[in-house]
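Presented below are the structures under discussion, each in the form of structure tokens.
What follows is subunit A paired twice: with subunit B in the first complex and subunit C in the second.
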Partner chain A sequence: MRSVRRREDAVAAWAPYAPSPEQPWNLARVAHLHRRAGFQAPWSVLERDLAEGPEAAIDRLIHGEPTALDGQPAAQFERTMDLLSAESAASGSLSRLQSAWIYRMILTPNPLRERMTRFWHGHFATSNTKVNNLKLIHRQSALFRSHGMGDFRELLSEVGRDPAMLIFLDSPTNRKAHPNENYAREVMELFSLGRGNYSEQDVKEAARAFTGRFVQGDRFREVAAQHDGEIKQILGKEGVLNGETVVGILVDQPACARFLAHKLYRLFISEFDDPDPALLEPVASNLRAANYRIQTTVEMILRSRLFHDNASQGRKLRSPVELAVGTVRALEILDPCPSPETLAAACTRMGEALYAPPNVAGWPGGTEWINTASSLERANLLLGLLSKSDDKLGRRLNPEALAKRYSFANPGDTRNFYTQLLVEGPFQDGLRSAVERQAQPDSQEDDRVRFDISLILTAPEYQLT
Partner chain B sequence: MSLHRRDFLKAGLTGSSLVAFGASTVPGFLGKTAAGASVATDRGERVLVVVQLLGGNDGLNTVVPFKDPGYDRARKVLRMNSGQLISVNDELGLHPSLGGFGKLLESGRLSILQGVGYPNPDRSHFRSMEIWETARLDHGRDSLDTGWLGRTIDRTGGEAASESIPAMSLGGQGLPLALKSSRRSALAVQGLEQFHLRLSEKQAARQSEAAALQNVASVAQPADPVLDFVRRSTLAAYQSSQTLEKLLDDKGTGVTYPGSGLGQRLSSIARIIRAGFPTPIFYTTLDGFDTHANQPGAHAALLSELGDALSAFEADLKSSGQAERVTTLVFSEFGRRVEENASSGTDHGAAAPAFVLGPLARPGLVGAHPSFDDLDDGDLKHHTDFRRIYASLLSEWLKLDASAVLGPGFEPLGLFA
Partner chain C sequence: MLLFSRPRGSSLFCPIVLVATIFSRPVAADELARWLPADTPLIVELARPAALQPLLENWNLLPILRDLPQVRSALENPDLGNVRLAVEAVAASLNTTPLALADELAGAGATLAVEGPQKYVLVVRPNRPDRLQPALDAALKLVRQELAKQNLPDSYVTQEHQGVSITSFAQTGALAIVDHQLLVTNSLDRLKALLDLRANPPAESLAGDARFAKLKGSLADNAAAWFYARLDKVRAFNASPEAAKPGDETGGRLLLGRWLDLVQKGETLGGQLIVQADSLELKALMSVPADVQNGPLEVFRPHTVGASLPIQIPQTLLSATLWRDFSAMWEVREQFLGPEALKGLAQLDSFAGQFFGGRDFGTGVLGSLGDQWRIVIAHQDYDAQKPAPGTRYPGVALIIPVDPEDEEFGVRLQSAFQTFIGLANLGAAQSKSPPLMLGSEQVEGVTMFRGTFVPPKNAVKDEPADDRFNLSPSGALVGNAFVLASSADVARTVIRSLKNPSPTQAEPTDQTKAEAIPTLRIAASGPEIAKLVAINKETLVSRNVLEKGNSRQAAAGEIELLEKLLAIVKTAHAEILDAPDEVRLNFHLDRANAPTK
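Up next, the complex of A and B:
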């Protein structure tokens, strides 16, 4: 457990970061910010944000870049992507819908928005394997994109009326005479409070409050005849409670802010330590004070000393999507980009099948991403991007040209360039010398650079973020 | 304020998330591969192979009760006549496409377990497969978290065994639920060919590339438990791919497998066993048994694929001296409705036969054919819970505590000495 001796220490951890001689605003911090808040970024973005300072860099993550990586104006890009996803959903092909999202993430001018969309997708995990209706899945994803930085109370309320979620958690069988507890349980356990903060009786009563919520013609319908309009008692509140009033009761529980604070800590700070509740308290207070406006709390976290502390680097494992999308963005393999279908399929094999989370608890993340088979898949995906023969992933990157464009021309320079571009601060030096020792003197320059990059990307250090 | 890396590390060693991952050992052949080939064979560790027939196999037309008037009444179009069948005894015969099973039966290498199922049978493929694969009938919150073989591998292996792949699935979509575990991870591969590291096509370059990748992955950075975990897994992946790649050079024992998918998967499994891999559990599937319409041709083709592939597998294992340490279970999520339907097919049913192959103490028929006079909503009733077969495989064959995996009360069937 990460210990915090005094309340003031916890408050200090979340106080705004200001560059100092010990914790300077350097390239490692800029790269860390992008990896955690969105995805890895191209070198030009890192350089710009290094020059302009943390405030401007974070502002741009919150509000978005003016243009997508393909040069389209942001608003136009988002509209095009909305259309592309809708069409992919209409096609009925899961892999097309997955690739539409992968493509959007690669070029997005709003990496943080996509990060939050994916976070809520895991939080309110709904799988097309059961829903079996891509239009509904697509609509739910759009909800996460539009509300992901907004009011959590509203998001929770919308999710309770979302057709994909209703089908996923059996609401259509939740009738007055035979309540089905599935949604009522998960809304407490996984969506708002966490285990230990409600009783079995609360679940039963809440299930009654949620009765009569059906899906008809792909739309949410409240069927009064199937709704239990009697008195219920949930978490100490009594009355003629319905689904909407339950949302209010849940969000008003002190446990709700703490639960979300912990999830945001895992999202932005570390997956590998169990934070002291005292350390999370300022985050929970911020959520309550902001009336659960997620953006306020996300900003607080991204601007905090803890976020930018050296010790927060390398405390997460790259998820398959982060690995695939981030690498493509950092190496600027954009025109054309690797086949999104192939990338999406690789993500599925590595354990992150978009729109098909393993269960209602979402992806456990952290070390769960890594096993023998997924390690091999990871290496093969990365080697594919560097390949000179693979039609789907390779044959697009010119690594020498990329380094030259940023004025890293001679052999030692290119190695420095790619190490700084790709690897976590604390591991850069060790990894660079390891790569240096493997140098293959006889090979041509292009092959040599590719080989260096392949060694960096497949290194265990690159899996951390 | 303790925000330094060493505090994180200290925290990591005691923090719950790290304790959890510390316990989940990394699969792989790390450090074992070189010795593996000779040692494991000498040790003669026992191997369990599971072949799952997807879709619900028509048990009545697999082990046919041709003498029973109930069979005649129910099957008009689909009836198999006694003359076509491969004789088991005076009342039962195997489908004519199961010549492979006939040979195994003759040589005492096959048990036909009749009337297998579970209480309150579920006719949904999905649910029934879940029940078979998890060996749990309840809807408890954790009921789908692990499969029966996943729980088995979780309970095996101390420190030493942690470095081998405890179970492997070949073909199919991802890891089967049966192999889902919480502590050690099974490996799911499409085929041996697919599980290899993408290096250059040039053989000479491959060697040095592989070595370089391995060198870089072996570099010890300042101690970081998570990085160490990733490092072990990465090295295990490289090592496994190299070892599996070497199997592709194995020219075989001269036994010819049918060209079918199942034949190829079993041939791969035989190669892995022969090479002395310390993996005790293999899993593969054969799909297509959901024969609602035009059953005869499709079913015959599937059964010949099954019988031919498994008899080749047995012959292959025998010729490489492995047959006495390998046993195979064949099952399907349910049998089919007794009464045929109007489309020359059959609908979802309940009890059906399962099969066990290998060095058996109880070859031949095990249990009576379920009665046609005592049906459950038009389906045959089971008399043998499938978990008793699992209990035999776990306690009699793998010498493990079956109740730890299945819960109490499942008496083994005495299939193995």
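Up next, the complex of A and C:
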């Protein structure tokens, strides 16, 4: 547990970061920011953000870049991607819809938005395996994208009316005469409060409040005849409560802000520590003060001393999607990029099937990402990107040319370049030495550089972020 | 200059051959066949290079080829650049241009014999034999200069054998001018052996092989190229125990019949290419192994009446007729299918009975079917589709031949169709998929049953409708045919066509005395397929992006290239004809925008 003895320590931890001789704004911090708040970034972005300082770098992550990595203006890119996703959903092919999102994440001008969309997808986990309707899944994803940085109260309310979620948690069987508690239980346990902050009776009463919510013709519909309009008592509030009023009651609970603060801590700071509740209190307070506007709290976290502290680096394991998308973005394998369908299939094999989380609790993350089979898949994916014969993933990267573009020409330079680009941070020096020890100086230049990169990508350190 | 950085004798001449074949006049020659053994795996001859000229002039293939990613990448290959430089240098030393030199040196054609993996013999026939030796001398001089410049040893050796001067180059091959032709091999020993055979021709050779002679005898006067392969030898190149094992291939077997055995066991395959200003024709001939002839697979060969001409309805993309007597096949199934396949068919036997009032599958169901199986793929009325699906699929209609004397069977087929829709709806209910509404209508006096998906009442703006709205499965009994279609629109058109047959749809005649009888006939329309690509262009671009990772611009480029290729072709026809001892494949393309005859 990351313990905080005094309230002042917690306040100091979340105080705004300002570069200092002890904590300078250096390449390691820029790379850390992009790994955590987006995916990885190309070298040109790292250099620019290093030069322009943390405020400008974080502003750009919050508001997005003006152009996507394929050169399209941001608004045009988003429209194109919305269309691509809608077409993919209409085709009925899950793999196509997954690959449309992977493609979007690779080229997005707004990596933080995509990261938050993915975060809410894991938070309000809904699987097409049960919903069996990609249009509804696609609409839910669009909801997370549009509301992901907005008002959590509104998001929670929308999720309660979202057809995919209603089908996934059996709302169509939640009727006045026979309430189904699935949604009511998960909305408290997994979506807003966490275990221990509600009673079994609260779940039963909330289930009554959510009765009468149906999906008809792929649309949300409230059927008054199936709604229980009697008096209910939930978390100390009594009245003729319905789904909307329950959302208000939940969000007003002190536990709700603490619960979300813990989830955001795991997203941005560390998934290996169990933070002291006192450390999270300033984040929870910020959420309440901001009326649950998520962007305000995300900004607070990204600008905090704790986020930029050396000790926060390397405290998370890359998820399969982060690994795939981040590596492609950092190595600038963009035109053409590796086959999105193949990347999506690889992510599924590594344990992250987009739109098909394992259960309603989403992906557990952390060390759960790694096992014998997934480690092999990770290595295969990364080596595929470096391959000169793999039609789907490889034959696109010219590592020598990329290094030369940024004026890293000779062998020592290229090794430095790729170590900095890919693992800048606490493991950089050790990994660079390891790569140097195993270098193959007699190989042709292209093979030598590829071998160096393969050592970096398949090192255990690269799996951390 | 990096030219000739390593000895590359053989690669020096290949581009000359390629370029030269384009602009040349015909000279027939098959001397090589007299020196080669009868079991030579593959021999290919470009007999009339000039005959390929229409491909460039009338068919305008060059710009399309240039846009092909594989060709672009090959053209950017530095090795090819080096060879091009070499050709230019040799041409300059002979005071001519590379294209003119190519015509002089290889304009009369070329023959390539492949004797094994990495073993070949190439004969290049010049239009100007007097230019061969000077060109060869100039090329060798260039090579030696380059080697000297790079301080590399001169690995090119010249020696005499059977009175012929041979130039060999380390590890990569040998060449000689023989009878005013250039002979190239990848082995000095093989070249010497060929010269020995030239001096003392063997009693048995490829030229004396009856099947090879038959192919040569069948060549059209205007054939641009031909080939002959000993398939048993070619298969041996990549022989592996796994490849030799027959898999469970029920579907393929029932569809392809004995052709499957030909691919696996056929001994010889020969063919010729005929290029004309407005058409392109490929004719191939494959021998049937003795153990296939007169065996149980004979049931796959028509003996009297073959496949009829494919049915043509408006906006047909592809239409095919397959001759199959499934009842006869059922009788002998145990002789050509494995135990797993037979088990599956036994299950089908009992399952299918439920759909056909308890009839015996072999005699009662298959026995009531005819042998002309037709399939039509045609555009639907896309404008009438409500809602409009994101991707527009054409409709597919299967026209199942029915015994006209078994009236009750036709009713059973209609009933089976309705049962199938009901079962599909049961499955849909379990998977929460939308149901098909069953209805019927009269078309030309025929009752057509159809299932349709109900359009959503409150569709979301800008959200394309599901692809399932392309489907409106339909079935109708029209005389002695049951029409089973994926689209009601296409089913209607097929019904009208069957009720009012055009003269080209006449029943096939008895062909008992014909040498070979057509078993499969296919007709396709380039413009109609191009129309489908154009309608779905955005979807195809998106799929290309997601499958290959291309940018939208690059993906659009690939789809446009496909459109250009389709635009060249007006119609394509293919037919497979079966004879007891051979199978013939005829493939014919008509050029689009050709002047009307």
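Note that in this section the second predicted complex is superposed on the first by the 464 of 465 C-alpha atoms of A that agree within 3 Å, B and C clash if a C-alpha of one lies under 4 Å from a C-alpha of the other, contacts with A are read in each partner's own complex, and residues count from 1 in each chain.
The rule is simple: contacts are C-beta pairs under 8 Å (C-beta built on N, C-alpha and C of every residue); 3 or more make two chains touch, one makes a residue touch a chain.
Since the structure is predicted, the reported quantities are computational estimates derived from the model, not experimental observations.
On the superposed subunit A, the positions of subunit B and subunit C overlap enough to count as a clash.
By the touch criterion defined above, A:Gln253 lies against neither subunit B nor subunit C after alignment on the C-alpha atoms of chain A.
Contact with subunit C, but none with subunit B, is seen for A:Ala100 once the two complexes are overlaid on the shared chain.
With both structures placed on the common chain, the touch criterion links A:Glu87 to subunit C but leaves subunit B unconnected.
When the shared chain is aligned, subunit C comes close enough to touch A:Asn132, but subunit B does not. Looking at the superposed arrangement, the partner reaching more residues of subunit A, out of subunit B and subunit C, is B. In the superposition on chain A, contact of A:Asp70 is made with subunit C only, not with subunit B.
By the touch criterion defined above, A:Gly217 lies against subunit C but remains apart from subunit B after alignment on the C-alpha atoms of chain A.
Contact with neither subunit B nor subunit C is seen for A:Asn398 once the two complexes are overlaid on the shared chain.
In the superposition on chain A, A:Pro336 contacts subunit C only, with no contact to subunit B.
By the touch criterion stated above, A:Asn371 is placed in contact with subunit B alone, subunit C being left untouched.
After superposing the two complexes on chain A, the stretch of subunit B that clashes with subunit C is 293-301, out of 167-175, 239-247, 257-265 or 293-301. Subunit A makes touch with subunit C in their complex at residues 70, 80, 84, 86-92, 96, 99-100, 103, 132-133, 135, 139, 167, 217-219, 335-341, 396. Those residues of subunit C whose C-beta lies close enough to touch subunit A in the complex are 389-391, 431-433, 456-458, 460, 462-468, 538-539, 542-543, 545-552, 554.
Those residues of subunit B that touch subunit A in the complex are listed here as 1-5, 7-8, 11-12, 14-18, 21, 24, 26-28, 144, 165, 174, 185, 187-189, 195, 197-199, 201, 208-209, 212-213, 215-217, 219, 221-222, 224, 226-227, 229-231, 233-234, 236-238, 240-241. Within the complex formed with subunit B, the subunit A residues making contact are 1-5, 9, 12-13, 270-274, 305-306, 309-311, 314-315, 317, 349, 359, 366-367, 370-373, 375-376, 379-380, 383-384, 387, 389-390, 426-427, 430-431, 434-435, 437-438, 440, 451, 454-455, 458-461, 463-464.
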